[in-house]
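In what follows, subunit A forms one complex with subunit B and a second complex with subunit C.
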Partner chain A sequence: MIKAILIFNNHGKPRLSKFYQRYSEDTQQQIIRETFHLVSKRDENVCNFLEGGLLIGGSDNKLIYRHYATLYFVFCVDSSESELGILDLIQVFVETLDKCFENVCELDLIFHVDKVHNILAEMVMGGMVLETNMNEIVTQIDAQNKLEKSEAGLAGAPARAVSAVKNMNLPEIPRNINIGDISIKVPNLPTFK
Partner chain B sequence: MPAVSKGDGMRGLAVFISDIRNCKSKEAEIKRINKELANIRSKFKGDKALDGYSKKKYVCKLLFIFLLGHDIDFGHMEAVNLLSSNRYTEKQIGYLFISVLVNSNSELIRLINNAIKNDLASRNPTFMGLALHCIANVGSREMAEAFAGEIPKILVAGDTMDSVKQSAALCLLRLYRTSPDLVPMGDWTSRVVHLLNDQHLGVVTAATSLITTLAQKNPEEFKTSVSLAVSRLSRIVTSASTDLQDYTYYFVPAPWLSVKLLRLLQCYPPPEDPAVRGRLTECLETILNKAQEPPKSKKVQHSNAKNAVLFEAISLIIHHDSEPNLLVRACNQLGQFLQHRETNLRYLALESMCTLASSEFSHEAVKTHIETVINALKTERDVSVRQRAVDLLYAMCDRSNAQQIVAEMLNYLETADYSIREEIVLKVAILAEKYAVDYTWYVDTILNLIRIAGDYVSEEVWYRVIQIVINRDDVQGYAAKTVFEALQAPACHENLVKVGGYILGEFGNLIAGDPRSSPLIQFNLLHSKFHLCSVPTRALLLSTYIKFVNLFPEIKTTIQDVLRSDSQLKNADVELQQRAVEYLRLSTIASTDILATVLEEMPPFPERESSILAKLKKKKGPGTVTDLEEIKKERSSDMNGSAEPASVNASAVSTPSPSADLLGLGAAPLTNSAPPPSSSGSLLVDVFSDSASAVAPLAPGSDDNFASPDLASSEVVSEEPADTVHDADELFHKFVCKNNGVLFENQLLQIGLKSEFRQNLGRMFIFYGNKTSTQFLNFTPTVICSDDLQPSLNLQTKPVDPTVDGGAQVQQVVNIECVSDFMEAPILNIQFRYGGTFQNLSVKLPITLNKFFQPTEMSSQDFFQRWKQLSNPKQEVQNIFKAKHPMDAEITKAKIIGFGSALLEEVDPNPANFVGAGIIHTKTTQIGCLLRLEPNLQAQMYRLTLRTSKEAVSQRLCELLSEQF
Partner chain C sequence: GVVPISNLIRTIRTARTQAEEREMIQKECAAIRSSFREEDNTYRCRNVAKLLYMHMLGYPAHFGQLECLKLIASQKFTDKRIGYLGAMLLLDERQDVHLLMTNCIKNDLNHSTQYVQGLALCTLGCMGSSEMCRDLAGEVEKLLKTSNSYLRKKAALCAVHVIRKVPELMEMFLPATKNLLNEKNHGVLHTSVVLLTEMCERSPDMLAHFRKLVPQLVRILKNLIMSGYSPEHDVSGISDPFLQVRILRLLRILGRNDDDSSEAMNDILAQVATNTETSKNVGNAILYETVLTIMDIKSESGLRVLAINILGRFLLNNDKNIRYVALTSLLKTVQTDHNAVQRHRSTIVDCLKDLDVSIKRRAMELSFALVNGNNVRGMMKELLYFLDSCEPEFKADCASGIFLAAEKYAPSKRWHIDTIMRVLTTAGSYVRDDAVPNLIQLITNSVEMHAYTVQRLYKAILGDYSQQPLVQVASWCIGEYGDLLVSGQCEEEEPIQVTEDEVLDILESVLISNMSASVTRGYALTAIMKLSTRFTCTVNRIKKVVSIYGSSIDVELQQRAVEYNALFKKYDHMRPALLERMPVMEKVTTNGPAEIVQTNGETETAVLETKPPPSGLQPANQVTETDPGYAGFLFPTGIPSITAYNKNGLKIDFTFERSNTNPSVTVITIQASNSTELDMTDFVFQAAVPKTFQLQLLSPSSSVIPAFNSGTITQVIKVLNPQKVSDSKKNC
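What follows is the complex of A and B.
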């Protein structure tokens, strides 16, 4: 079973945290910090598995992670999961994100946490792998977006108009933030040695 | 087109996020967040009803704030409103919030459950999916209560969409995990098994996960899944890489599903049907063959997916452990991976080989890789991999290579990572002991261990070396010589001083003939370390000195001078001061004969499982938390002990510090009062818990001689231990057929029990009532499992408040897990101080094997068919005994039901007889049990017959039940 899925950047800032086992909010934050501490000090070409930290259950659990550009994707799993299988699952997750966001980058994860959660929900449910077929996942997400659009078209207009007026005089438009070079280029992924 | 268009979305949210990101300092960020929280709070509280869009925006902001690590204590109500909306976008955000920020407020849960119920009934697959996700992610007991009956129906209904089926399967799995008792097995189970044949591979994957978990607990019920899984696997393995279209991942057909199916098959022994078995073997061979084919892609994803299946296949081969041919092929394959350029594969190969090493077919084959593994230990750059290498060396070690492996591990220890040193120390200590032919090698190894990694050598390790030296007289002289030499080093580890002090105190005489290690030199050597050591070590050294007084009368005055010095007699530490005072007095007034008796060499320790092994098991096992708890408990009891206004004489009994009793001296004059200083099998003390009783014979008759003013005022213990245990035995048998009642009672204390058991788990509430009007102090109940019992029964307790007021009752919870069948009962030991006296009593805790019974109903035909199957003489145990109670059929029936088995009516041709059936649940296995009780009214006798698949179980159940009639 997958106990937790964590995404954080190279500085340990959490970008997504999803726990499938109940921990107090405090513990969740500690687990993120502990996991970052464990994972970030590892070299680039060591293996992708390590024993879990004490907070998440010690050596009965494994951390399986991948490091893409600025982000760490970490899955904490118990002994019933295949290590390589989870490693591939992380890859599917990232490839799916890339399809859904078109050249996904860290900023996409920041500004669309809800979307990322939705995509993840199509893959993992209650700690078990739900779907691994990328096309199937993308189809589901597409269907959701269509639903969203149609609802937005019907009834969302007034609210959107109001918010547009409210934001008219903003000195800075958030989409113009300098994205820099943090985009994740999935098509030419670093190969793992 | 990207599935998520970046342009739309909530502007207010985006602004807020970029504000946060622009914050220059942590303080500024917190300020901005607090401002936003206040804003949202006022919006939620405001009179104006918010529209769905605004609610959604604010809830999203809360989610973001939560992710940054801030507590969110409001917004749940708004989220519930959102998920009750008919609009998809709002519903989705509502569910997301609830899944991430679960709240146990019951009123809220009721509202959420209501919304979920509506969505499940909506027939809208998207809404159903959201609802199922929410249940699976929260998975609380309340939700299980509300939906565990409903979801199986959705899962097997013919008209359910595939995506909903997938979600329903995993949702049910989650509920089964959290509350197995609430998920009823029924008709749906057989239909779930047939989902393995489903067209949609996503459905099959989800169903396989579900069945795997269910089958672990109910293997019989899901037995048919084996042949279905094999044929499904066979179809995948033999398919061309394009057959499965979307489920082909980098040219590997459905790797996840293959892995899951192989996992499912690991729940069962090799299939009995030769056709199925043959087909499975074929599959496994095909998978092994494919590993040798050239890769279809250079991408790492291709090899990962392929190897994921391969490793799982190897796991299954190891699990079956029946096909030597496959096992050896698996071993060779892993051998190739040991040298693979990918670190991941080397890691996994080492890990799998560990399990392979325990198979008799492949142990030798694994051993051929020893050089590679040792090399890995030396050259791997990754600590995770090195740790696996240590594990594998430990697993492949046997008599033939022990010296080499231990030497390599010691070598590695000098440079090993701090995080794994303690574990390596334990492993070296175990291997050295287990495979020692020559015990001088063992002593050398352990002393090396202390030299190299003294800080990581736990108490157990040095206790153990002393136990072994004391028990084996052929090594004592060598040990004395070696420690003496080791102590010469200018800086030696405190653990070495402890071992040295103890061994020289016992066997220093064996090397005293050599002028280079004369008594005085020995003493001076030890005493030169004295001032650098901590209090417990100094206490131990003082005991060594008094032993020297006996061994070497010629240095008695030197030692007395040391004891008499102010730094000893007036030491600020009570324990040290007491020892100095008592030892000095003892050496002055006791005659040589008495000294010789009191300070005699330690008797051999009873042979028992190495406590180091237990420690390693604990370290690796899930019980790390209990460890901590026990240690804490022990510390607190230590502290209580010293917090007493302990005069010098009183603490001889009350200090439960492990070193206090090292020589058994403290206990000797006070035989029947000294409680074995044990606390719930805690290792530190356990090693020596037997020593107190071993020393006991020294005392009788010597009391008067020791009536020095210091010792005369020692405490008297009012409990007669023999009585209590006897009493408890009768009461104990009463609990075999019931779960609640009074376990023990005397004029001071009443102990009541309430317990419940379900499958292999149980929980027991122990109530301690103080019947007096005076406080009990230092109240320490501990549950003790003997060494035999410990591996079979996991008990977890929380410490209770050490003070019990007069007339008050305290409660203690014991969580119970039955790992395998067991014979003995754990002991509940209670120590406390009442008035001025120390009370110590022990009762058996009625946790008996039959508590893990689940009744099974069956027809007469079934019963006798199974009865015949268990006809092996070892499976049957019979007892003929005289009735101890009036022979009343109704009472007997009640007792059999209370015993835990089902009472089967109209099964036995003779209506006067009673038959019962049930299954004993343990974590490792389930054992079917049949019983038959034949009363003979005329003779007032019974004949009881038990048949189970396991001899020990039949025996134990027969014993327990015979006592009942």
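What follows is the complex of A and C.
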């Protein structure tokens, strides 16, 4: 069973937090911090598996993670999951994000975290793997987005404004996530903690 | 107006400090709250989305819970989508509010739009409480039989959640499982296999029932392997590796302990093992799963050898992940296929030198499992070197492992003592507290080595007396065998010249030093006292030391000193008998906390032992268990140690082993430690087990847990599970 799926950046700022087991809000934040702490200490050429921290529940659990330039994708799983299989799953997740957002970058995750949740919901349900076929997932997401758009009407104005705003003021947004040879660029925004 | 979420996000990102961010969030929350009060339907969706964003950053968002429910009840898909997401993130079973969702979910499960049905299934499958599951199980069962593959696959996982929450409902899903494997859609196949797996793991009857699916599963797997390139399912040249892995796992469960099923899957396993392309991770994931399955079922020996060899190749793979899983699997198989794993011993030992902490840990555990009578010298050399150079987080476990292995396989007493010395001097501060009495007992029983041991220990602490376990053992030895030390009787090595005063100097330094723990001081004082009957020239000095400590602030020391003083003054005639050499101790268990029984325990010794070190010698009148497993060992079970309790400064750890004389008996060693400022007294551990199990609690080492983690209580608990086949999810 997958206990939690976390995405955070190189500074530990959460970009997605999904827990498949009940934890209090405080504990959730602690888990995110502890996971970041454990994972950010790792060298670049060690294995992608870590024995889980104390908070997320003892030595039966593992952290399986992948680091793509500015983002960490971390799956916390128990011993019933295959470590190598989860690595493959993370790959599918990232490739799917890439397809849905057209060369995804960290900004996409920041501004559209609900969409990321929707994509994830088509892949993992209740801590179990639901669908691993990227094209299937993308098809289903597209159909649901179309459904939303058709309901939009007046309420669609904000959604369209979002895309307009996103492509406006910001300087050149080069985005390329090369799975494998990573180079995600984020524009120069003022840094914050 | 109500700002769009992107504006909020951009604003928050301009904050330069945490305080600034908090201020912005609070401002926005206030705006959202008033917008909620106005019951504005148009903007509810947007506001909840903003709330979820803030929640992810760690800010409270509970005031949005009801709004989520309103969104779920809306007619629009857009609203429902955010509403259900909000419910999953903000709500949980502990709030009554979530029950209000039940009706909405019920309606949505029957909605005309499949994506609405999908949302409902997803939410129910993620967070449905037992009540909700009970109410809605029928709907889920219906959807499990639909021909809509999108819904069918979701219903399958939802059913798994329902079964986990309300196990009694498992039966009702049985009819619907009949045709699940006939599906062409891989998503449905995948989740169906997950559902079947869950059912088999929960119920031996279900397991028996589903064994008849083995031929069908084998066929599906065969098609995946042989069918050639299928663009729809291809991942790096392999057809749906995820499904293959799932099926292999289910086959493992079905084939376990069953000859017929194991035979039926033998061929396909051999095929997968030999034909799978290993250049990409997906191929290795399949191979890994295949190996685990082969090792777990009743496969023929040729197949098992094939599997272990695959793991051997994995060990040499450049990819660290592969090496890691190889070590993990070898650890699982080392009990059953010990000789096969032994062949890879040198590669495994090399992994001790890997830079990767995760790999080191696995290699260490595996190395200990591989130590036997033949290789103990070589292995210990490697492990001692590892102990020297490894990270602090490993040292305690490594030290304990070395002690255990040395005890089981020591080729000679001298080697054994030397090994212990090496550990104490290398990792002296990391040695666990319960090692001290074990070592003392070992030393006592190695009669011919007393002189050698005390000499080496004396030399070890001369330079450095900061490592508490080392100093404790050394103090004890010097107290016992100080006469051998000053008389230069050592045979094993060049005897050193040391005077009684020099010996007392070192013990007094330990007493005075502020590096010494209270327990250690106790050892030192007692040792000094014992020397009063072994030394001839310095008895007056000893009397003086003892009387000084009669007014020590440390109550422990004070009590001892006062009693020793009394010995000098009023009971001098008893002193020689009381302080005489310890007899050889009869050891009752070979593992875990030693229950030491003194064969000629005189009740007067209780005077000296009134406040024993936490896991120290037992009072003579306490009955200890005669364990028939004296000659037998306790095997690691593969169940990882856990921290069972950790609250308010009290921490209780469980480690698990299995008795080799009775595999249905699991031996749990509990260790309780106390990080508060006060000792915990009258500590009693109680346990309860299901009716079919039997429980036996052996005597704890003490009922007092000293403060500041300065000692632990250990206790052994034996659990007998007569039906060991059932509920073994951990074995997957």
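We take it that the second predicted complex is superposed on the first by the 152 of 193 C-alpha atoms of A that agree within 3 Å, B and C clash if a C-alpha of one lies under 4 Å from a C-alpha of the other, contacts with A are read in each partner's own complex, and residues count from 1 in each chain.
Throughout what follows, a residue touches a chain if its C-beta (ideal position, glycine included) is under 8 Å from a C-beta of that chain, and two chains touch if they have at least 3 such contacts.
Bear in mind that the values here come from a model prediction, so they are computed numbers and not experimental data.
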Combined model on subunit A: subunit C and subunit B, fit or clash: clash
Greater subunit A contact set [subunit C / subunit B]: B
Contacts of A:Ser79 with subunit B and subunit C, given as first, second, both or neither: second
Partner chain in contact with A:Ile141 - subunit B first, subunit C second, else both or neither: first
488-496, 830-838 or 884-892: stretch of subunit B that collides with subunit C: 488-496
Set intersection of subunit A contacts, subunit C complex versus subunit B complex: 14, 16-18, 20, 22, 25, 29, 43, 45-51, 54, 58-60, 80, 82-85, 87-89, 91-92, 110-111, 113-114, 117-118, 121, 125-133, 135-136, 140, 143-144, 147-148, 151-152, 155, 166, 192-193
Subunit B residues touching subunit A - in the complex, by the definition given at the top: 2-15, 17-18, 21, 51-54, 60, 63-64, 66-69, 71, 87-89, 92-93, 96, 100, 102, 126, 132-133, 135-137, 139, 163, 166-167, 170-171, 173-174, 177, 201-202, 205-206, 209, 212, 246-247, 249, 255-256, 259, 263, 299-301, 304-305, 307-308, 311-312, 341-344, 346-348, 381-382, 384-385, 387, 620, 622, 624
Touching residues on subunit A, where the partner in the complex is subunit C: 14, 16-18, 20, 22, 25, 29, 43, 45-51, 54, 58-60, 79-80, 82-85, 87-89, 91-92, 110-111, 113-114, 117-118, 121, 125-133, 135-136, 140, 143-144, 147-148, 151-152, 154-155, 158, 161-162, 165-166, 189-190, 192-193
Subunit C residues touching subunit A - in the complex, by the definition given at the top: 4-7, 9-10, 13-18, 21, 42, 45-46, 49, 52-53, 55-58, 60, 76-78, 81-82, 85, 89, 92-94, 113, 115, 121-122, 125-126, 150, 153-154, 157-158, 160-161, 186-187, 190-191, 194, 232-233, 235, 240-243, 245, 249, 281-282, 284-285, 288-289, 320-325, 328, 355-359, 361, 640-643, 646, 729-730, 732
Of subunit A, residues touching subunit B in the complex: 1, 14-18, 20, 22, 25, 29, 32, 42-43, 45-51, 54, 57-60, 80, 82-85, 87-89, 91-92, 99-102, 108, 110-115, 117-118, 121, 125-136, 138, 140-145, 147-148, 151-152, 155-156, 159-160, 163-164, 166-167, 170, 172, 174-175, 177, 191-193
